[in-house]
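The same chain A turns up in both complexes below, where it pairs with chain B and then with chain C.
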Partner chain A sequence: MSEATNPETPLVNWVLNGQPVQSPAGMTIFEAAKALETTIPNFCYHPGLTIAGNCRICMVESNRSKKPVISCSERIAEGLEIQTESPMAIEARNAVMEFQLINHPLDCPVCDKAGECDLQDYSYDHGPDRSRFDEEKNIRHTKELGPTIDIWGNRCIVCTRCVRFCDEISGTGELCVVERGDRSVVDVFPTVPIDNPLAGNVVDICPVGALISNDFKFEARIWNMRKTDSVCAGCARGCNVEVQSLDGFVKRLVPRENMEVNKWWMCDEGRYDYRYLLADERVTACTKDGEPVEDHDAHETLAHWLQDPGGTLGILVDPYITCEEAFLVEQIASHANNALVGGWKPADGTAQSFPGQFTISGEKAPNRLGVEAVLGKLVFGSQGHALRTALEKGQVSTLIVFAGFPHPDPDDAWVQAIRKAKRRAVFALQAGAWTEGAGLVIPGASPFEKDGTYANEDGRLQRVRSFHAPGDVEWSHDLQRLQAVLRIAGLRPRSLSSSAVFRELADVKKPFHGLSHSTLPATGAPLPGFIPLPVGVEGGSV
Partner chain B sequence: MSDLKFSEKGMKKYEWLLTRYPDKQAVLLPALRIAEAEFGELGIPEMKYVADLMGISPARVYGVVTFYTHFRRAGTGTFHIQVCSTLSCALRGSQELADHIAKRLGIEMGETTEDGMFSVSKVECLGSCDTAPMFQLNDNYHENLTLDDVDRIIEDCKKESARGGAR
Partner chain C sequence: MAHDHDHDHDDGPAEPKGPGLAERTYFVPLIKGLANTLHHMFRVDANTQHYPEQRRAPAPGYRGEHRLKRDELGREKCVACFLCSTACPAHCIEIVAEEAPWSDREKRPRLFNIDMMRCIYCGMCEEACPCDAIELTPVFNIPSRTRGEKIYDKERLLSN
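After this line comes the complex of A and B, so read on.
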């Protein structure tokens, strides 16, 4: 891949499907063709893994060979002429597909991969519509390979992507191919199940339905699910994910490619951590002094509190609020005569790094940097301490708490401190220590339900989107609630979309200058001043 | 089974092998041969031992051991009959030979007799096409076989076993 990105690499003249083209030397036919938007079928090729060249589906016709060549491992050369759709190439692929399907059960109607299965797609394009195979199909094992992964051996085409993943990316090497010939299938050593922090990725990279996630098994059909591009909130890494949901329930998370952040992978900790959305402790309705109240009443009460805080107004933020929400927090604080804004986040754990250059951050907070960019670099530091000290001294009369922690892990000192405020309103994801004894409890949105931006540990600003369909949600998320409160209090003229709030934010906060939701690239954009920028990039530090 | 360990002689041979190959992984096959000779069979503890000794993942060893038919896996009978079933032998009646052995021992291909004396499996070419049909009995080739030969060899094995010898 480095050849492709280095401008020094000489270009090679070659011919793709009759068109003279140029590509950087050293690229494989497959990669060069892909860069030129010509896709060649593939099973065993994966951009993040070494080349195995065992599936043979990527065969193309070459002027340098009497037989078709595999495009994933052959490199381009001066004068090379490649045909990807000639009769020879198509015949070669048809033959490969016929072999692949000999022992394949074709159980797509009950297979969880159906709908996103490469074998299914290529079978449609290249597979024969009937089998010439009269003999009995062989049977291979269907069993658990580990706590989260099952194998349906009959579907396995032995491309070894999963084996290479465990060898090269997670570095744990639990998987292997056992037996040989038509009996060969992926397996684990009998006493060593596959159980590593990245194990879930082998399901994503399986081009067929052989490796199945226990968590998603028989949960939903792929094509029925709503797919939302968002960012994982499990740690400060900010892996790009696609949230797949059905009828308002998250069914699974799959990673999206972002070479700047998570490449093609994500960790199991983030992948399987969405059940808290349905936790019993989830706050679903507003309460005032323990009694359920209408949303509007709750908003009105909070608005009155803001108009007359009766002394110092304290705002305690968490690292789960979006940059847009942080901006509204700042607006609230700036309108008060006397306001203290501080933050609290759980203590950092240890980061985990893997041989495949993937890191799980030890900081379990998705937007610390984003909140700091809006509310000040010390919001989780000395500003937080100042707020807590004021609370402990009983100097804060009205306190607003943002407690969007998916896993309640309150700090005792903080829990004691917030009780000292005369009035407390809590935007809470879950009922617990933060909400106990609070005058006003307002349901908070989870990171899966927010709309806005998060900045990861590298200062990369990325879009977070709610997985709910518009109009699907009976209750609004924090950004809308905050705006409703501000409108009632007469501090904002009207409620705006997340994108419009971001526009206001970008106008006044320097790190966000020139950015907007609509122009934010799919891979995110670095916030200048919060990461060391490469030489020559405009912006510089704040 | 943690007391599993190569003998001094075996370890010496293993260390000598390490000097013979440019890549440590290449020593896996001969190392498994030593393990087979020292431990008698390659079961889960034996494969684990070799993996730990070589510093590679047990799954890798497992994949290699199961790829080849010639390794003695755990649960194999005292006498392991591997019937060649590739082209030359197939043309010269290996199927008939295999059926006869299975019938005589009362087991299917790939199974072991209840007393643990015989295992029989069908394998790919053993490189003895000029003497088809043939099978390998433990480490020895038996070639140009007729059904009578098979009966005689099986009887010999039983007698040998009664005398207390395995091979």
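After this line comes the complex of A and C, so read on.
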């Protein structure tokens, strides 16, 4: 990959499908062709793993060989002529497909991979429509490989992607291929289940439906789900994910490629942590003094509180609010005579690094940096302390709390402190210690339901999007609620979309200058000048 | 078109002549209609069927109410592959899958609802099914008292 971007790499002249082309030396035929927008089928090749060259579906015709060559491991060379669609190449791939399908159970109707399965796709292009194989198909094991992963051995094409993943990326090496010939299949060593923090990725990279995630098994068919590009909120790494949902329920998260952040992977902790969306404790309606009230009444009450805080106004933020929400918080604070804004964040965990250059951040919240970029670098530090001290001394009369932390893990000191405020409004994801005794409780949106931007631990600003279809959501997002409150209080003329709020933010906050939702690249953009980025990261500054 | 009458150009089409006296009294059409009625009343070759006492057998391939088929052991054949609901142009099939308790298959429907009021009886579901588990029967007289009854659940479909 890096060769491709290095201008020093000499170019090689070669011919692809009759067209003379140039590519940087050292690339494989497959990668060079892909860069030139010619795709060649592949099973065992994965850009993040070493080359195995065992599936043979990527065969192409070459002028340097009498027999077809595998494009995923042969490299380009001066004068090489490659045909990807010649009769010889197509016949070679057809033959590979026929072999692959000999023992395949063809159980696509009940296979959870159907719809995103490479074997299925290629059999449309290259597969014979009937089998010449009259003998009995062989049977391979269907069993649990670990707490989250099952193998349906009959479907395995022994590409070893999963084995290589465990060897090279997670570095845990639990998987191996057992048996020989057409009986070979993936297995774990006795007594060592596959149970590493990245295990879920093997399900994504399995090109067929052999590895199945227990969590998603039989939950939905791929083509029925709504897919939303967003960012995982499990830690400050901010892995890019696709949230796949059906009828307003999240069914699974899968990683999206972002070479700057998570490459092709994500961790299991983030992957399976979405059940809180459906928790019984989830706050779904506004309450005032414990009684359910209409949304509008709740917003009005809060607006009155803001107009007349009756003393000091405290705002307690957490690192789950988006940059746009933080900006509105700042607007509220700047209009109050006497306001204290402080932050609370969940306790740090341990950071984990893996041999495959993948890291899980020790910071277990998605947007500390973004909130700091808007509300000041000390918001979770001394500003937070100042707010807590004021609360403990009973000096805060009106307090607004953002409690978007998805797990009931109250920070006792804060919980005690917020009780001392004369009145308290909580934007809460879940009912619990934060909401107990609160005068006003307003449903908060989870990170998967927000629309805005998060900045990850490298200061990379990334877009989060709500997985709900427009009009599906029964409750509005925090950003809309905040704007409704501000409008009633006369602090904002009207409610705007999150992109428009971001534009206002970009106008006044230096790190955000020149950025906008529509121009933010799919891979995110580093907040310039805000924090130094690790050496070598493209676009890093200061 | 609607504006045609608003234009008062000289070269416009001439106003059509109004109906004549005979037509305006409706007398002649009335007699004609009555004659037609009487003709049919006393027709000897009437092919009216006295439904529901008399019933005509539906033509072969007639597409009526659905049925979920059972296998030799009396279990539903459906494996919850969702292909019928994918093929259905009316989006009226709702399926929720679960793990099958039997060793010979993995999946079965926990929920299988068809909204018969949305169904257009096209038969696409039957065509899409890889297990021959759903079919449209010739049953066409399927009244019900409430809308709720028109959403057929798995039990109802299996008992058809």
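Just so we're on the same page, the second predicted complex is superposed on the first by the 531 of 542 C-alpha atoms of A that agree within 3 Å, B and C clash if a C-alpha of one lies under 4 Å from a C-alpha of the other, contacts with A are read in each partner's own complex, and residues count from 1 in each chain.
Convention: contacts are C-beta pairs under 8 Å (C-beta built on N, C-alpha and C of every residue); 3 or more make two chains touch, one makes a residue touch a chain.
Quick caveat: nothing in here was measured; it's all calculated off a predicted structure.
Colleague: Superpose on chain A as described above, then tell me if chain B and chain C fit or clash.
Modeller: Aligned on chain A, chain B and chain C fit with no clash.
Colleague: If you stack the two complexes on chain A, which partner ends up touching A:Arg180: first (chain B), second (chain C), both, or neither?
Modeller: first
Colleague: Name the contact category of A:Trp223: first (chain B only), second (chain C only), both, or neither.
Modeller: So A:Trp223 only meets chain C here.
Colleague: Would you sort A:Thr191 into first (chain B), second (chain C), both or neither based on which partner it touches?
Modeller: A:Thr191 contacts chain B only, not chain C.
Colleague: I'd like to know which partner A:Thr172 touches here: chain B for first, chain C for second, both or neither.
Modeller: first
Colleague: Quick check for you: in the superposed arrangement, does A:Arg132 touch first (chain B), second (chain C), both or neither?
Modeller: Neither partner.
Colleague: Can A:Pro109 be said to touch chain B (first), chain C (second), both, or neither?
Modeller: second
Colleague: Rounded to whole Å, what minimum CA distance do you find between chain B and chain C in the overlaid structures?
Modeller: Comparing every C-alpha of chain B with every C-alpha of chain C, the smallest gap is 24 Å.
Colleague: In the complex of these two chains, what residues of chain A are touching chain C?
Modeller: 107, 109-110, 217-219, 221, 223-224
Colleague: Which part of chain A faces chain B closely enough to touch in the complex?
Modeller: Answer in residue numbers: 166-167, 172-180, 184, 187-192.
Colleague: Spell out the part of chain B that touches chain A in their complex, as residue ranges.
Modeller: Residue list for chain B touching chain A: 44, 47-48, 51, 56-63, 66-67.
Colleague: Under the definition above, what is the set of chain C residues touching chain A in their complex?
Modeller: Spelled out, the residues of chain C in touch with chain A are 79-83, 86, 97-99, 105-107, 130-131.
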